[in-house]
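The first chain written gets the first letter, and so on, giving A, B and C; residue counts start at 1 in each chain.
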Amino acid sequence: MDEIERRVAQLELRLREAEDRLAIYQLIATYGPAVDGLAEEVVAGLWADDGVYDPGGVETMEGSRAVGAVVNHRQHREFVARGSGHVMSLPHITITGDTAVATGYSNVFLREGDHWQVCRTSANRWELKRTADGWKVVHRLNRLLNGEEEAVAVLARAF
Amino acid sequence: MDEIERRVAQLELRLREAEDRLAIYQLIATYGPAVDGLAEEVVAGLWADDGVYDPGGVETMEGSRAVGAVVNHRQHREFVARGSGHVMSLPHITITGDTAVATGYSNVFLREGDHWQVCRTSANRWELKRTADGWKVVHRLNRLLNGEEEAVAVLARAF
Amino acid sequence: MDEIERRVAQLELRLREAEDRLAIYQLIATYGPAVDGLAEEVVAGLWADDGVYDPGGVETMEGSRAVGAVVNHRQHREFVARGSGHVMSLPHITITGDTAVATGYSNVFLREGDHWQVCRTSANRWELKRTADGWKVVHRLNRLLNGEEEAVAVLARAF
């Protein structure tokens, strides 16, 4: 391989990693607007067909269709009717070939009279895989940061 | 075109999209520090000359000079004097050639005694265009997530 | 230099800047999970050996070992035991060769009964340098957004 071809091959590898990071940011930035916007298909489309969402406290959802249906859950509809923002933080990301883990926070802001209350601050672990249709969620785990060791461990597992 | 030239052209196209995403993140990450830092010129410089900011509740601002002047509004000065943080979330971004839409949340944290209260959680839609001077805001729309359908629709329009 | 070599050299320069931005996002997104996850070595590893953290209100920490030890401070342990999230915002970044400044917000969400209270909203200035081991913090300054001019100035210094 000549020198220029070697440099181009290097660029291709490096750019793919940058694009992977940006695609994972985009995936995580999609979740909030999709659930607060009641966009069931969009929520479902973030997960792999057999992906899982374990939000803690309520039943684990199995399969992208079940995850998308979260927008129709009674409590979710009550939150949206009252005014809610599911805000994900900029995540820490580790990419290993065709899989990745993103770790961060989710805050749910819920209207309470003339202001918004933080009704949940959770540790989030997103396990992702690269598919022909882009990065998809294989498993998402949320645990409330309420002093339980489990939530602290979710954050520490990032490293 | 030979094989290497084709690969280089591909890299140029892909890198431009990555750079566009990073530039839009930077634009949105500039807004908060600029308004809370009372940097009028910086706020104005984010908007196109004829760009619009419709924050909801108060009058729509037309033109970048009017938007920059937000830092001198009485209520804004009161917020800064009391202690405020205008925090934008990691946005969902769709780029279409020389235009883009970024959708996310803004939270305004306002000091209230020994803690901060979330005095606003809003859905944000940023319509952007590429200019010779980088990406600029053509139209920004905020709506409080207070249960009104309009704010839910702002989020759903991202998709 | 021939035309293709010139284009490849341009791509290398531009990609490095994109990678730098992504690396700085990653660094800042690591801080929260590391402190809330009690990962002392990870916190320490974000700072240069002689890096400084001036959080305001308490003593300035000098050296990466002292910064990492923050996870063992009595107040920090109390926060974690009660349930805390140190959430950094998407930062504004300026890169100048081998140094960079990132400016944004940190919010500390602390459990208070059935919800979380924002116990701190701070302006953050991260001064960074490129090292053989990646980007490291040379100096981090936090100031509470409590109406004091100093915090407003921390934000305005970004520009």
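The rule we apply is simple: a contact is a pair of C-beta atoms (placed from the backbone, for glycine too) under 8 Å apart; a residue touches a chain by one contact, two chains touch by 3 or more.
It should be emphasised that the depicted structure is a prediction, and the values quoted were computed from it without experimental measurement.
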Linking chains that touch, what shape results: line, ring, star, complete or other?
complete
Expressed as a multiple of 5 degrees between 0 and 180, the CA superposition of chain B onto chain C rotates by 120
So, in whole Å, the Cα centroid of chain A is separated from that of chain B by 22
Multi-chain touching residues of chain B, meaning two or more other chains, are 4, 8, 11, 15, 18, 22, 89-90, 117-118
Chain A - residues contacting chain B, complex
4-5, 8, 11-12, 15, 18-19, 22, 25-26, 28-30, 32-34, 36-39, 42, 80-85, 87-90, 109, 111, 114-118
Note: in the complex, chain B contacts chain A through residues 4, 7-8, 11, 14-15, 18, 21-22, 89-93, 103-105, 107, 117-121, 123, 144-148, 151-159
